[in-house]
């Protein structure tokens, strides 16, 4: 049984060997903990090209340790199997040929058990290495190890969103977990208010000692006009108004590409919404259940977020606006550690001065295309492929979700997905001019 | 462990209740016996649209019993799960909506264990029924039960060819079974001779009491010119000559559609042939191994069979020619019961009067398009969809293969596949004018 | 203006030089005569991959003369342009590389005028050659010249069906010609009767001195059961009954492949049928007009012909049955020379002993897959690619259409198209068991 | 013959009726002038979905006048044909249903002559209107008329790039025009230098009385780091170095999406480059000719521009950087009025203080995703669809090309295309950090 009190590891840039070892163990075991509810068969399926089988995630994150730490730092290290490099490389062209992404679900072997053996083989070597190396080596390796921990946390979130998609494809509507009892919600969501921000030159991006991905750097100045930001996320109930007012059939509300997409895909509602006997239901990780209208709307594409905002005579925030609004807000919210695995209704109105729900629940689409910051330099070598090569045709999302480890997110954190992606926990916050 | 001495059931049109029950048990248990070598993960994968996951086969054949026997004959019968009819209907439009074929591999549930529970639930009800009903009912049900047994045998062969494809897709080249020791072959294949047949009016098609599919009926007269037939199958070695003489790059050897297919698919050899370090290997159910040049060539499309024949200034037989040549030959050969799961080299030249290898080893492509026999009438009701609706754009194959249960095949048996199908055990026998 | 009294040439195997020259001129000029109603722009368009631009047809038939006659028989002959061989080869792999078929409509040059210059260049050289060569050479060349004439006649029909498709794609519904006045029809179609034929051994296929394509040979014996044949073609009105009784939504009426096709293509009626304000109209070469229910139904696929026959508890004839029924019937009917360019209602019941409408009006789908006759040998060299390589995945049609030159058709003539083709003038005659 | 001295109209926001009429006439006649070299057949072809037939361009720009001016301002106005609205609407969903874009090349009618009749019908009504209306109406209509002139100029450029693509698809390599004599170039391109710009807050975007598209508004402040910009465009010769050093086979030089694109499309060089007998040639509007290595490289995608910049350890400019660098430079260069229809080698080094070739020759890819400016509001009504709905998955290009009317371009002008577009005259200027 998953122990929800158990927090995911917080992979900070740590000072001591022992702390690093502890973090490694925590992150690695949390990955496996997330898999406990799964049947063996669930590990195998790839329900669409964007989704990877759980089995593949488990192996790929291990491959990452092998490739970027063990092969580099431990002379004579050999992988458990000579073909695993080919099978479990995700997208690192510098590393060599790899198995075609859309075919990950066609590979029944290694079995789940063999995949866990691979994990444990890697763990054993990693822990050996971390124990054995001298302080100088430890210092040298700490950045890549920290990256490996962050990388594994990203895959923890992907494992949840991917398995949700796999289970939702199944007409039997199986649940990942049975629903837990939640404290009764207040019964109504506080009304949406607007918070105003002054114009000015601001600094955004990462600076300092803590970990950040290269795409958060360098910290740099931007000029922002005055703007305003919604005090909370858009709810299912509010999004239903958009649907019922014909939002999906009014072309002028949509980006041209979005309009073509909803025609072609026949989208009439967010992903996982399903009407049964005239009643809206929603597929969750706890199975299909009746819609809770107070929850933040989730699993919408950028196109839908943008169209909804236009319909409300508003717009999405830029990522700089979001970051400025978020920078002083404590990182609290509905993260993966809550064990809820679903966005939660906003309980209280919060302060008058700060927006609520900035962290957790759902990733917030911004109107910012994913692009390099001024002066951006990707890391040298293969890890340089981590972020930079995706800076095209994607949009930035901010704030983390109910599937993100709390320690993984920051005010400067830039997530990114193509505008038609819906299987992540993605939602909407409105913005506008003052 | 699979017990190879154990024969597959011979589902004849039986007279007694006890014999029918025994046949039912034998066929059903042989299906499960074929799955014993599989890992749970192997049951889940669908490696191409034509392939079904093993799990699906196991459930679908059970669905057949439920739909055509239990639901009809046992008042109040309910399936183990209300959605299984939707999930496990293959192509019977009369039965209702069904799960889209190419998406069978996206369904992780029911699990393998639940699928076996479904089988056992059906078995229990079937055995109850067979024990309980009176003689009149038994007589009435015997034809559909016999069809169910034949149907399950067809899926036994498909399970083997499908799992072969699944494992072959895997860069790890896993084996279904480890190779068994075979008696040493004679060292050389007897030379190909030609057997001649006189012109005349002949009767082909099924007649009499034994079971046959509706597509083998009615028995009818055909006029045949004199023809000749090769004394044995084409071997890997002979096919290699075709490859090495440039067969795949000479357009005039090919049907137009075949030429386009080999260009588009970049075929340069039969399916499962793989050159490693300059040496031809072949993927078998026992894994990847060096080519045995004396074995019959296998896993060729109709296009390749036809092009090879043209290159040899010969042709493929018509199905009527094949049937006339085969009708007096005993049904012996390398069937699934041999446990070999692969075509075998021809050991001895055989008689001067009859062709060898007519049954077993590989299905033999004929030049006959799959069409209704004169006066053909499909069975009434949903089982009428079994064969007739596929009589378009396919070719007839004859004789059974190393994956066919011996008792399943007949001289009148008409198998059929589209001309580009290669994943079945399909091979070549030459024919020509006298 | 097209002179409808002018008959198309009858390219028989002629004895004298002068007759051959006359035939050459007649066929060539009829091709151009068919183009007279076209605007320059109409010559350019390729409305689907199966359709060729009129400009391409005009050039391709000239290329045929160049390639198979002039280049062979006239030393030092050079084409008008070195690239025309590449551009205007249709499918002869032996001749070399060629321009990709679906891209024929992307080529604006040569212009229409240049294309006619190319034709006239070829004509001049052909007429020179025919005048100049000695009798021995003439005798030697006569077969290939005759083939060239037949080839050009085939393209005359294709030009009409292709331009019909091009114009029908256009929302403006332009007409190729304005409608001519036809004699008033009798007002009602004679009732369908059944004609019976005895079982026996029959000879079918071509024999003798007259021209035939290689696919009509050799003449050979077939055994036929007794059968019956409808006295006339199926009419639009009868086909409407099929539509209105839900024919397109009952899966058990259809071949599996046909059912998928009508779903995917959303077919609800024959090609060119169009409902306007609740009234059925039809696109003809004379533009869009109200449906005449007495005309033979036209522009149906094999799937639709087969489904209609099944709905009527009948079937399509085999090509042997059709040929036996047709062999003694004079070749008369509604051919291209009528200038009607559309199937005509049957005026009178005709004889009690012979079916009506066997020739002309519409090509009749048979249930026979297009296959080699026993002992078939394609011609040597590149012309051997004319027919044989298409003997796969197509069905035979018999009898010619309202777009066929009368002299082009024979009782042994085998036309062939894939089962989903609808843009030819294709219709339905019912057959059945006695 | 095209008179190259004749300048394209300069559609400024004019004060007087007579000037407006003159501009209208000039722009409209320049459109037709560009078509003079075409054969009728050239007007019909659509060589890929992005390309429109010339005939369609001619009609669509007339439709624009009809829809946005005549129908609005002239009571009782009726189009020349009721179906033209359907056929010639490009993408205005507010106007209604329209003919599917990729099918524009399937429509042979209206003929070219009828299309010109349509143009002249519209011209007559427009000139009537412009003469007849009172000053108040004139003032009211001037903005939409000005937009119509700008719109027609945009299509003038598209007509040239589209017809170039159509002719280049043709294996005959026809030329739009024969090559004109150009003054001999200096023989070598001045070396690339770097120009530096200080950091600061800048204003970009349009302000004032002159015409601008809505996407250039509102003028707003941006903060820019110091940057540097190349003194000239990248040449063919420099790009060849990239090719020959293996640029197209080094994955780490490419955006992930770009790498997939070049694999899938098998790009090895810019569009229209063609190697013949080991020599690089290039398809131009004047036909195929040897490469001039001094010309700016052209017909590259964003992916190629970005990869080239990365290979040079540089980057592309942002659109703000480009605009700041360009704002004080006179709008001079190689525009459509030169009649050269191809980028020209840079003759002289120019000033030390300003970059050369900022206007004309080739559109310069920027690294800025096409997005709304802060406070952007699309125009109300259907013209609001002109720009805003494309602000997704495209990149901004700046500066105009050799196919752009000189009067059409501005320092604030934002052109935009998807990153894989290559058929426009698109090139590369390098930028970088100071």
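Order as written gives the chain letters A, B, C and D; numbering starts at 1 within each chain.
To be clear about the criterion, a contact is a pair of C-beta atoms (placed from the backbone, for glycine too) under 8 Å apart; a residue touches a chain by one contact, two chains touch by 3 or more.
Not measured: the values here are computed from a predicted model.
*Asks:* How many steps does it take, at the fewest, to get from subunit A to subunit C if each step moves to a chain that touches the one before?
*Replies:* When the steps are counted carefully, the minimum from subunit A to subunit C is 2.
*Asks:* What is the chain whose Cα centroid lies farthest from the Cα centroid of subunit C?
*Replies:* A
*Asks:* What's the distance between the Cα centroids of subunit B and subunit D, rounded to whole Å?
*Replies:* 60
*Asks:* Averaged over CA atoms, how far is the centre of subunit A from the centre of subunit B? Could you give it in whole Å?
*Replies:* 47
*Asks:* Could you state the distance in Å from the CA-based centre of subunit B to that of subunit C?
*Replies:* Distance between chain centres: 39 Å.
*Asks:* Of all the residues in subunit B, which ones touch at least 2 other chains?
*Replies:* none
*Asks:* Show me the residue ranges of subunit D that touch subunit A in the complex, using the header's touch definition.
*Replies:* Listed in rising order, the residues are 91, 93-94, 201, 220-225, 251-252, 254-259, 302-303, 315, 367-369, 371-372, 374-375, 384-385, 389-393, 419, 433.
*Asks:* Under the touch definition given earlier, write down the residues of subunit D that touch subunit C in their complex.
*Replies:* 39-47, 55, 81, 83, 86-87, 99, 103, 105-112, 166-167, 169-172, 174
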